[in-house]
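Should a chain be cited, it is by its letter among A, B, C, D, E, F, G, H, I and J, assigned in written order, with residues numbered from 1 in that chain.
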Amino acid sequence: MTRAQLTEKILDIKREKGWSWKHICAEIGGVSPVLIVGALLGQMKLVKPLAAKAAALFDLSAAEQAMLNEVPYRGSPMPPSDPLIYRFYELVMVNGPAWKALIEEEFGDGIMSAIDFDMEIERLPNPKGDRVKFTMSGKFLPYKYYGSEQGLPEYGFREE
Amino acid sequence: MTRAQLTEKILDIKREKGWSWKHICAEIGGVSPVLIVGALLGQMKLVKPLAAKAAALFDLSAAEQAMLNEVPYRGSPMPPSDPLIYRFYELVMVNGPAWKALIEEEFGDGIMSAIDFDMEIERLPNPKGDRVKFTMSGKFLPYKYYGSEQGLPEYGFREE
Amino acid sequence: MTRAQLTEKILDIKREKGWSWKHICAEIGGVSPVLIVGALLGQMKLVKPLAAKAAALFDLSAAEQAMLNEVPYRGSPMPPSDPLIYRFYELVMVNGPAWKALIEEEFGDGIMSAIDFDMEIERLPNPKGDRVKFTMSGKFLPYKYYGSEQGLPEYGFREE
Amino acid sequence: MTRAQLTEKILDIKREKGWSWKHICAEIGGVSPVLIVGALLGQMKLVKPLAAKAAALFDLSAAEQAMLNEVPYRGSPMPPSDPLIYRFYELVMVNGPAWKALIEEEFGDGIMSAIDFDMEIERLPNPKGDRVKFTMSGKFLPYKYYGSEQGLPEYGFREE
Amino acid sequence: MTRAQLTEKILDIKREKGWSWKHICAEIGGVSPVLIVGALLGQMKLVKPLAAKAAALFDLSAAEQAMLNEVPYRGSPMPPSDPLIYRFYELVMVNGPAWKALIEEEFGDGIMSAIDFDMEIERLPNPKGDRVKFTMSGKFLPYKYYGSEQGLPEYGFREE
Amino acid sequence: MTRAQLTEKILDIKREKGWSWKHICAEIGGVSPVLIVGALLGQMKLVKPLAAKAAALFDLSAAEQAMLNEVPYRGSPMPPSDPLIYRFYELVMVNGPAWKALIEEEFGDGIMSAIDFDMEIERLPNPKGDRVKFTMSGKFLPYKYYGSEQGLPEYGFREE
Amino acid sequence: MTRAQLTEKILDIKREKGWSWKHICAEIGGVSPVLIVGALLGQMKLVKPLAAKAAALFDLSAAEQAMLNEVPYRGSPMPPSDPLIYRFYELVMVNGPAWKALIEEEFGDGIMSAIDFDMEIERLPNPKGDRVKFTMSGKFLPYKYYGSEQGLPEYGFREE
Amino acid sequence: MTRAQLTEKILDIKREKGWSWKHICAEIGGVSPVLIVGALLGQMKLVKPLAAKAAALFDLSAAEQAMLNEVPYRGSPMPPSDPLIYRFYELVMVNGPAWKALIEEEFGDGIMSAIDFDMEIERLPNPKGDRVKFTMSGKFLPYKYYGSEQGLPEYGFREE
Amino acid sequence: MTRAQLTEKILDIKREKGWSWKHICAEIGGVSPVLIVGALLGQMKLVKPLAAKAAALFDLSAAEQAMLNEVPYRGSPMPPSDPLIYRFYELVMVNGPAWKALIEEEFGDGIMSAIDFDMEIERLPNPKGDRVKFTMSGKFLPYKYYGSEQGLPEYGFREE
Amino acid sequence: MTRAQLTEKILDIKREKGWSWKHICAEIGGVSPVLIVGALLGQMKLVKPLAAKAAALFDLSAAEQAMLNEVPYRGSPMPPSDPLIYRFYELVMVNGPAWKALIEEEFGDGIMSAIDFDMEIERLPNPKGDRVKFTMSGKFLPYKYYGSEQGLPEYGFREE
């Protein structure tokens, strides 16, 4: 059994039952819908109690339940050919240089973590057409300026 | 003159003057720092009054000022080799499938615009380490279900 | 079941029945043949009443009907190796720079939407050889020049 | 001198003079703006009388004028990273399979020419936002079913 | 059923029967062996009478016969890893620039059609080792210099 | 000096002098125009007497003349974005499998040489539009079935 | 000035002076040679006091010194064609799956940081041939299992 | 049977039994867990006694046991889309140039072997968050400066 | 049946029987082990008598025997991810330019044939570690300097 | 100064002087022509006494001489578009799987080193056309089966 086969099975059941993701996430609960849907699509791990709930909901075998609790080999095809996902890719491609410049000036040398990260998707009502609102935050991780053969004290990542 | 040459010149001046992006954005003003820095890095257009302010600040020629007012050929190299930009790319690669599922369930068939889009970057103080906060919103654009040879009324993008 | 398997099944039935796309589109109706054929080939969603008609025509199961109503992961392989599709790819590759220059001069900074978009294909009789006529229109979407730290009014996308 | 250097020079002059493409095309005239702008951007050839007009307008040398009359090595980078051009690329990627099915059913085995091709770009006023209208037509070219060792008559491309 | 599965079936039968392509082409006849073999390998369409002969020869079902009459999604993997096919690829890679220069000087701006095209392969006896002879011809298609906003007459593709 | 710089210089002179390739090939002579133009574009070597003639014609330095006599690093970008060259690439992509099948059946296991190869380009007058005619022949090279640990005689490439 | 130009200048000076990296790192000091050499090769930032020392050593201008203090656009070409660097790439390609399995079993769902990371390279004398010893450590970063619409408590990354 | 199928079977059994890698490695023993897990994931060979133990543990057939003793076709997809493996890839991409410079200065012209190589992964407790520690060593292999037409003695790889 | 399926079957039998390649090659004989193993792995053709021996040894069907006698679509994935094969790829990547310079100086303009080619692999005992010895030779094929519009005599490939 | 610029300078001098590689290698001597030519083309390091001879021959500056003594960033573009180099690439692509099978059976799990490697190129006179003969040998490096948590003795790479 591969993770892709499990995803296909789950989507088959979802389609036959006529369930929405909202319904599924409410049943499993506990963490963000982004993580639950991500796990059911094969990109995230479900912790044990949630994997158990998912297994109960989809009537999965013990092995399938265990697989949902495993860390998958993450990642989907890039560049994304699907227009919805491509627009996010484009935002990174066009704005990436400016984000880099602004974050480094504000925080110093480092990155915004994609691991210690959270996000929320909301609908923003708007008379000209509703908007999709993303609120995300990731921990800033400074590059470590490590070690020295001369035994000098380490430099911190911010310079005063 | 190419846009890349203009960007290199602007960065040379910024370095010599010791200016921060914060200072530059305060001088030019009018729109988000993401757009101003994006324009100076060759990814965005500056509208005429802002291009004039940028030209005054960097002591640019009339042709250089005009170039800042042109729409550039947008886009930076992908996949990004720089770790800071890569983390955003990874977020799209790992979460793209879940975002697609959730947005389509909430909004119907369509995309979140990367053009009618706005964003803000903030520092989120946190005792475990400050966080980078992104707040972004894009207009939802429904796929148009157009035309019919039989002259039937068009379907809206949402089905009731 | 994957969308590709459903497409293969539909094409098998079409072949066995000896149906033309014209016949199929007349049976399903409601929207442009480009959308109906696109959906049956796995690139578009059929709204519920049309998915029901398609299911009746092809004698599909409820799950298959539901799948036709789902938004697929869009996109076909690029660059296209098929000569017919390649010619369109080539038109973009050769004319893209001129289209960009002319559209931006006429409309300002932005894009022609590929989502709020419609098109029609016609046969243009011609003594030297009939022609394929494409008439397409997409909504122009201006880049939003958003936000400012100084609270200044937003600039419109067109400059007067 | 390369064609890219000539394009850069022409764009420098356009910027310094503050000319619009509309103005330039009116000065050179004779063929569609898509072709004139395409030639000045290095993707098309200008026939001799138009190359002469372009040379007069931009004060080009005889060698530069001759270069405008040469067929360039056509093609721009793909996939296009610029959002405006990408949307056309996406239209081909998403709709290509349906276009292929519909054109082949209507015309038989062959292609729509990208060479014996014409197009027009127009602004379509619309209260919900103006639209970009493309009207294009290309000659249909049937695949030739040639030769036979047995000396049988050739089949035409359409079967009756 | 996919076209690749049909090709695999046909090759299985050919192998079991011990048939040569020469035998198969003589049985089906009507067009060049390049087209017949191409169709059986999934790159070309067989017109109805020939598809019927092929179906009789290989004892195909009605659906399989219909599939041979469909235009396939053409194209094989590139760059070709097989040495025989690679040599042709190399000829294009090494000689392409010279072919372009010579054809454009002789015919003007345009292309040699790969659609209105015919070819013949022959064995050329030679005491130093026999040679493979290709004789091919394709219709020259001139770039159309179309339309003008000023209503001027169109330029022909050749300049006198 | 690189070969690309020499090519650019030669094309500059050709443009300034208003020479055609026909004129240049007549002046240099000795081998096919495909080879002469190929050499001047940086894909072929000119033997010494021809390099001398080319040097006299273009008024080249001794080092430039010597460079024309060197074997260049052959090859142009693939896939070709230029439509004229692409059509040949497409012919290989679509017909490659059939060529392989037919040549191997006729000649056995091996390749048509792209090195011991000659070709001629002609204009084929045709009332429906002139055609480009290619006549090419390459030596067939059989795969060598070499060596054996058991000292058995080698098998020839053809099996009787 | 680009970072690549600065690197070229620094390497020119190093070559002319006949300096070793050991000498350069001893002069600049303060952090690991991996970071100092990385910065001089354009992959790392030097904090201000070290950039000052580097500027004094190489007699750099104030702008060049400032550039060493900037965060570069990190990343070198992949896959690496140089054999020494390729061997590390190969270690990741061959061992990556096992590392993933072992780290996730020991630490849970997350990654080893490449940012909060340190390393040391040593020579390991060995009678069969000296060995290169790498000692590296990176902070383990657990995936954050965030947010929930139902207000449930967050799950920690480790499950008890 | 392919190696990928064997890996899938082994993972299915591991999941059903609820075994950890630690348990599996303790049962098979003899070499590093990196090698045992690597072999079970299809990247390494297990020597016969260990393959026998693995076969006993997983109740494999004789053919499956033999396959574990075969050298697989090594390598996993690059660039790695999984974040955990990507971080190692990024370390090579960012630090590769510095590693090359420092190793070559210390050892001379050559490489660190990825074959005569060993490594150990440990957990490094740390109050700010535990760390993953890698200790690896590879034999340095000097480039051989071989042969000479003049019969001179070979140069060693280090120059004194 | 595909060639890959036949290879998988042959490897399954080899594994079950516990045969070595040495044993298989001794049974089939007639040509080099490189060719026999190559054919069984799907890269070479076995001439009829050898295909018959292979079929007898592996108890293959008549169709499978016929497939071994067919010329396969040659080529394996590049760049090779397997370390053993990669080292050969690297030799070409690093030494290719020197080989080209030396062969062209010695032989003139042309190539070493990869078709009229033979090789032998031997074990070279060496106290510091045995060596793998490759002895290969390929026929030199000179570029043909063909044809001329002026009817001049052809130039040979070597210049005297 | 980059290594590519130094190579260009050396080739310019070689061309102006009319030197052959044979002459250059005789002047520099000491190691194989493959290494000397490789170094002058930017792929190998020349040890100090040879770099000195090369510098004297080409009248290089001290910095240029020092650069020849540096280890370059090795590797040339792949896949090679030049036919001469491509043929070697093809040999690896077609024969790689057989070489892997035969070497691993004879030597065990490991690789043939591309570093501890030597080779010789010779002309093999042959009445049917001279042959290029390559004799190469590389040290076999066995995969190290290292470490064990249970303190068991290491397995050797060969199994008895």
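One rule holds in what follows: a residue touches a chain if its C-beta (ideal position, glycine included) is under 8 Å from a C-beta of that chain, and two chains touch if they have at least 3 such contacts.
None of the values given here were measured: they were computed from a predicted structure.
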Each chain counted as touching chain D and chain G at once: A, B
Option reproducing the contacts of C-D, where over half of them reappear, out of H-J, E-F or D-E: E-F
E-F or D-E, whichever has more C-beta pairs in contact: E-F
Chain centre separation (chain E, chain I; CA means) in Å: 29
For chain C paired with chain J, centre-to-centre distance based on mean C-alpha positions, whole Å: 53
Rounded Å distance between chain B and chain J, as computed from the means of their C-alpha atoms: 47
Chain B and chain C: spacing of chain centres that average the CA atoms, whole Å: 26
Multi-chain contact residues (two or more partners), chain E: 33, 35, 44, 71, 73-76, 78-84, 90, 93-94, 100, 104, 110-111, 113-115, 117, 119, 141
Interchain contacts, given as pairs of chains that touch: A-B, A-C, A-D, A-G, A-H, B-C, B-D, B-G, B-H, C-D, C-E, C-F, D-E, D-F, E-F, E-I, E-J, F-I, F-J, G-H, G-I, G-J, H-I, H-J, I-J
Footprint of chain A on chain D - complex, ascending: 79, 81, 83, 86, 90, 93-94
Chain A residues touching chain C - in the complex, by the definition given at the top: 8, 12, 15-16, 18, 80-84
Residues of chain J touching chain I in the complex: 20-22, 33-35, 37-38, 41-44, 74-76, 78-80, 82-85, 87-107, 110-114, 117, 119, 121, 123-124, 126, 128-141
Complex interface listing, chain E residues touching chain D: 25-26, 29-33, 35, 44-45, 47-50, 71, 73, 100, 104, 109-111, 113, 115-120, 141-150, 152, 154-155, 159
Chain F residues touching chain J - in the complex, by the definition given at the top: 1-2, 62-63, 66-67, 70-71, 73-76, 78, 114-115
